[in-house]
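Take this structure, written in structure tokens, and hold onto it; I'll ask about it next.
Chain lettering (A, B, C and D) follows the sequence in which the chains are written, and residue indices restart at 1 in each chain.
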Amino acid sequence: MKSKSVAIVGASGYSGEELVRLLLSHPHAELAAVTSSQYAGQTVARVFPRFASHPRARELHFTEPKPELLAKQAEVVFLALPHGVAAEFARPLLQLGCHIIDLSADFRVRNPAVYQELYAHEHPAPELLAQAVYGLPEVYRAEIQQASLVASPGCYPTSILLPLLPLLKARLVSPNGIIADSLSGVSGAGRKAELDYLFVECNESVRAYGLPKHRHLSEIEQELSLAAGAPVVIQFTPHLVPVNRGILTTLYLTPAPAGREGFEEQIAACYQRAYGQEPFVRVLEGKALPDTKNVIGTNVIEIAWRLDPRTGRVVVLSAEDNLVKGASGQAVQSLNLMCGWPEEAGLR
Amino acid sequence: MKSKSVAIVGASGYSGEELVRLLLSHPHAELAAVTSSQYAGQTVARVFPRFASHPRARELHFTEPKPELLAKQAEVVFLALPHGVAAEFARPLLQLGCHIIDLSADFRVRNPAVYQELYAHEHPAPELLAQAVYGLPEVYRAEIQQASLVASPGCYPTSILLPLLPLLKARLVSPNGIIADSLSGVSGAGRKAELDYLFVECNESVRAYGLPKHRHLSEIEQELSLAAGAPVVIQFTPHLVPVNRGILTTLYLTPAPAGREGFEEQIAACYQRAYGQEPFVRVLEGKALPDTKNVIGTNVIEIAWRLDPRTGRVVVLSAEDNLVKGASGQAVQSLNLMCGWPEEAGLR
Amino acid sequence: MKSKSVAIVGASGYSGEELVRLLLSHPHAELAAVTSSQYAGQTVARVFPRFASHPRARELHFTEPKPELLAKQAEVVFLALPHGVAAEFARPLLQLGCHIIDLSADFRVRNPAVYQELYAHEHPAPELLAQAVYGLPEVYRAEIQQASLVASPGCYPTSILLPLLPLLKARLVSPNGIIADSLSGVSGAGRKAELDYLFVECNESVRAYGLPKHRHLSEIEQELSLAAGAPVVIQFTPHLVPVNRGILTTLYLTPAPAGREGFEEQIAACYQRAYGQEPFVRVLEGKALPDTKNVIGTNVIEIAWRLDPRTGRVVVLSAEDNLVKGASGQAVQSLNLMCGWPEEAGLR
Amino acid sequence: MKSKSVAIVGASGYSGEELVRLLLSHPHAELAAVTSSQYAGQTVARVFPRFASHPRARELHFTEPKPELLAKQAEVVFLALPHGVAAEFARPLLQLGCHIIDLSADFRVRNPAVYQELYAHEHPAPELLAQAVYGLPEVYRAEIQQASLVASPGCYPTSILLPLLPLLKARLVSPNGIIADSLSGVSGAGRKAELDYLFVECNESVRAYGLPKHRHLSEIEQELSLAAGAPVVIQFTPHLVPVNRGILTTLYLTPAPAGREGFEEQIAACYQRAYGQEPFVRVLEGKALPDTKNVIGTNVIEIAWRLDPRTGRVVVLSAEDNLVKGASGQAVQSLNLMCGWPEEAGLR
């Protein structure tokens, strides 16, 4: 199988580090360049000692991010940059012929007006929005295969969309009144030197944040609305819990129409149709419930659901590793699709 | 102020240990006896080394639990026993003239048929249910002052009832469609040698459990129904997160009637009326949100709320220490009321 | 008992916050002022929500640190400032008649040349070194009672000195070849927004740091040398472990002279003499070993020791809360001595 | 490369689970059987949900451990059993022609009298001790390649022996006065339902245990003595710290003879000779110090050392994953050697 050279721009954060981990051991990708203004000149082995036994990590040096140089080194470039900065790199890299997988939110929301409202500045490259593909392989597999610009989804959206989209598309649950209650590990906040994320401030602490409106709502509601065929507005509460990795999401849904017969069989069949052949979606059976510790380090999302006969609601739960299926693993899944490699390459 | 002698039956669990901590330093209560079949003959200092610097802990020995002896030693007896066992001790102790504060669920649900359904055996002392007072001081203060048998609420019910009851009583939120999503520290599972609660099984793990029906639902719905004046059925999802102590509950509520004017001012006024003078309820202002680390080791419950203009819902959050306001601290609060002591005695 | 007004300069770090906690509930001290450039103008309740139920915390505002004003507000001033800065505040405050309890290292080392070597700048107030008393109450009780300037010991020194000084003074162990291996919780690093102390970098991580020479060695060796009557040089390895609070120190010592008879009885008697009446030193008996969880939140240090018949060595272990006995609790203990209050006031 | 079928007896503990993980993705080993009396009849996917996406885990069922059956299914059998039980399985399996890799201590100590003293019963198969090879590949590579019975080392011994053996063999450090101070994650205690290892008892706790003599001392001292050519007695203190995985060991050593010139260069050269070509030993350079988070999930041991000019001692530190290099990874490394596969197979 033909291998390709890849680069990571902004490889010093947690998502970037996880991309390094996955790509160093990828069977077909060759990690040609990693950039970081902070660490330029240092080897990957020095900055991330956990990779120091990998020969490539000992010879590969971080460089300053320069599009012209990157375009010579790599056919596919991952952008693991802050929102706003990513779009500025995407434009020249695309013009120079690279394929882009962007882990920021810059190209996830199709409407630039929404972007401006969220981030309080104009979208840096609105002309690229039309060509960007939302990088959820279980939903947009064919589009990703053809894409030159993939907007890889965030960790919260992935944990909400994968369990919810099939039910909405099948009109099994109402698009109204949806509640998503999510618990995230601290790596979701990024490698930022802020007091709020110090060990002592997070350990033995459980708290909600960002109420009532979180930035990721826009991409979530955009995709839900597409699935439902009508505008969907959800209630979303993110919480911070003291684990390094993992997101557990609990969804509260209303069957539509309520009280229909054979509802549980239909839910089961719907998930079987949607995910029965998916390598990275595990719909649990029997009494099992999702547990983040069962998916840490993997690209798998676990899903389980219960119909509550007392309330008539469907409660759906999902668990994923926020840095793998919620970020870098999913991005590599898109890479595999774009390059025509087996979708599980480097992810087992 | 007249002091009284108190005893703890079943003092070897986490709630029992927390009672020991609070009562050893209580200004008016004298800890006269602690029982535990497992530790009988050993001093409190030896079983709980953290109390070893307290002189009383070095001289007080655990004994076998015997009602006749306890009744001679103590005027008030705390029962920190498993469900079912507590009721068997309550009957003789009451007959012998003791006042009882029971931390189990045995006397919390007024209808013995519900008890039988939940625990799959007949209630051990149904004749006592009529005299039992639900030990939520902010709601049943006057009744607790007169009670001889207090059924002290569980940790989940406290975290749900205190933020919710005033809104229901004031008819500010609908009794329909209520959702309570709770995150509990591991001490909530008790000091039980089970694989599920080993460090390695809980650390770096986030998971829901007990879906769709949890045993504590009965007492929660009983009290909500009394407040609403109509039967209330709620959706409740407990989760386990890797902290020792603390419960964070997120409530999803619907204003009633929707869209009324001045709703936020009415919510604020309602909480001010209900809790403005309460020493152990802290309704947060401004941008602050509850965080379990702010209440650990205290008898305080933090409450905050947000009206979400996008969905029309009210999201209410609460944080408490499951072993203090959610168990032993609340029980001592009831003790203070029963004995005519200042309500904050031993809880500051 | 006559109460006194006290102030805390630099109350926004972990030691400062712990001082606030202890002084808010102190029976004789009145917390008159807290300073912090960062939080000036905000109430204590707002900056530290965990104290928000305390009436004084709701009315007391952080101010800019100004010696003239502080001297009018408080008779005793705690300095919880970075090294170097503390000395600059001590001088004017002493001149204005305040008593000072300094939690920094500025006045712990008697020789200003050592200070200069450690911190690479001249000592800011060398003329005050002669009057400073090392604030280890179990050793310098009488001197602290008379002191106007107390240099309160650090967390590592306390955990090493208290178990070691009595043995050295009694010539029961050799002053040569001493090894101190310490494990510290992350709060020991202070409330600093640095990547190394982020939750994700500390959780699931165990590491040594600062080898082979740690800044606190000077004050440790100074005090050991005084006890031994000869220069003592020790091996000291600090480690960081993922807990919020606590230090566990393991000391490796050689009996002197080796092989003497009745050695274990002499060790036991030595500790009994030194600490039998001390309220905050708990020498464990039987099979018990120190555990940080038994001292968290208290001013107690636990000590245990074992003679290893295979190697002839004595292994001594200690456990303390680094923020209480290792910092703020010990400082309050000195306050009590300076003010003629019961030594345990506010520390039970 | 010729693949072989392997089996795991006692696969329900943490070491067993880690063996399952490694062998499911091993390129040459085929996991033919896993046994567990507790889980017999259930699939691996059900017992260990984290492996549920692996096809083999969904079809492979736990069975009762029966030597005759195992010998038909597997050419190599891993024993992940309690001490004493392992030896009883080894005898019949060897007679039936299997090769054995035993993760218990049963065959690690060559002298059956020592075994009897440690475990208070006679060695169950003393006749097999002579043929057992101590499974430390970096030391006994050639012997392991020829072995039919490998006694795979424990986690503490590995963390002490690998950094220490080269220095002792080169006579660079004295065999006298060696101190090993180790910090272990909780999985080292095994998957046992005991109160001491509950989350609440381990979280926010740091403690030593097993003083002054730990069972693993015998195998450690046996190997050190062989290297030194004389009996070696060490001081060893194990501590429990709240992480799932990882051991950090700090060794205190005396150069021999003291004060020799060029000592640091000789240490560096010694480690380079011993481990320069070893794939799983990483001797750190520059200012880097071992950190368990850099080796978690890998078969690597990190080593660093410092000569302390103040004390004349050498301090050596090592970090490993107690379940990988300290147990199951090392066992797979031996498997690779026994089967003639690349030593890193399945361990990258």
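Methods note: a contact is a pair of C-beta atoms (placed from the backbone, for glycine too) under 8 Å apart; a residue touches a chain by one contact, two chains touch by 3 or more.
As the structure is a prediction and not an experimental result, all values here were calculated from the model.
Asker: Give the fewest steps needed to get from chain A to chain D, where each step moves from one chain to a chain it touches.
Answerer: 1
Asker: If I average the CA coordinates per chain, which chain comes out farthest from chain C?
Answerer: So the farthest one, by centre of C-alpha atoms, is A.
Asker: As a quick test, compute the distance in whole Å between the mean CA positions of chain A and chain C.
Answerer: Spacing between the chain centres: roughly 46 Å.
Asker: For chain B and chain C, let me know how many angstrom lie between their CA-based centres, rounded off.
Answerer: 37
Asker: As a quick test, compute the distance in whole Å between the mean CA positions of chain C and chain D.
Answerer: The mean C-alpha positions of chain C and chain D differ by 39 Å.
Asker: Which residue numbers or ranges of chain A touch two or more of the other chains?
Answerer: 201, 203-204, 242-244, 291, 293, 296
Asker: What part of chain B is in contact with chain A in the complex they form?
Answerer: Within the complex, chain B touches chain A at residues 177, 179, 181, 183, 185, 201, 203-209, 211-213, 233-235, 237, 239, 241-246, 248, 250, 252, 289-293, 296, 306-311, 313, 315, 317, 319.
Asker: Would you tell me which residues of chain A are touching chain C in their complex?
Answerer: Touching chain C: residues 14, 186-187, 191-195, 197-204, 242-244 of chain A.
Asker: Any idea which chain C residues touch chain B in the complex?
Answerer: 25, 49-50, 52-53, 204, 279-280, 282, 284, 288, 291, 293-298, 300, 302, 348
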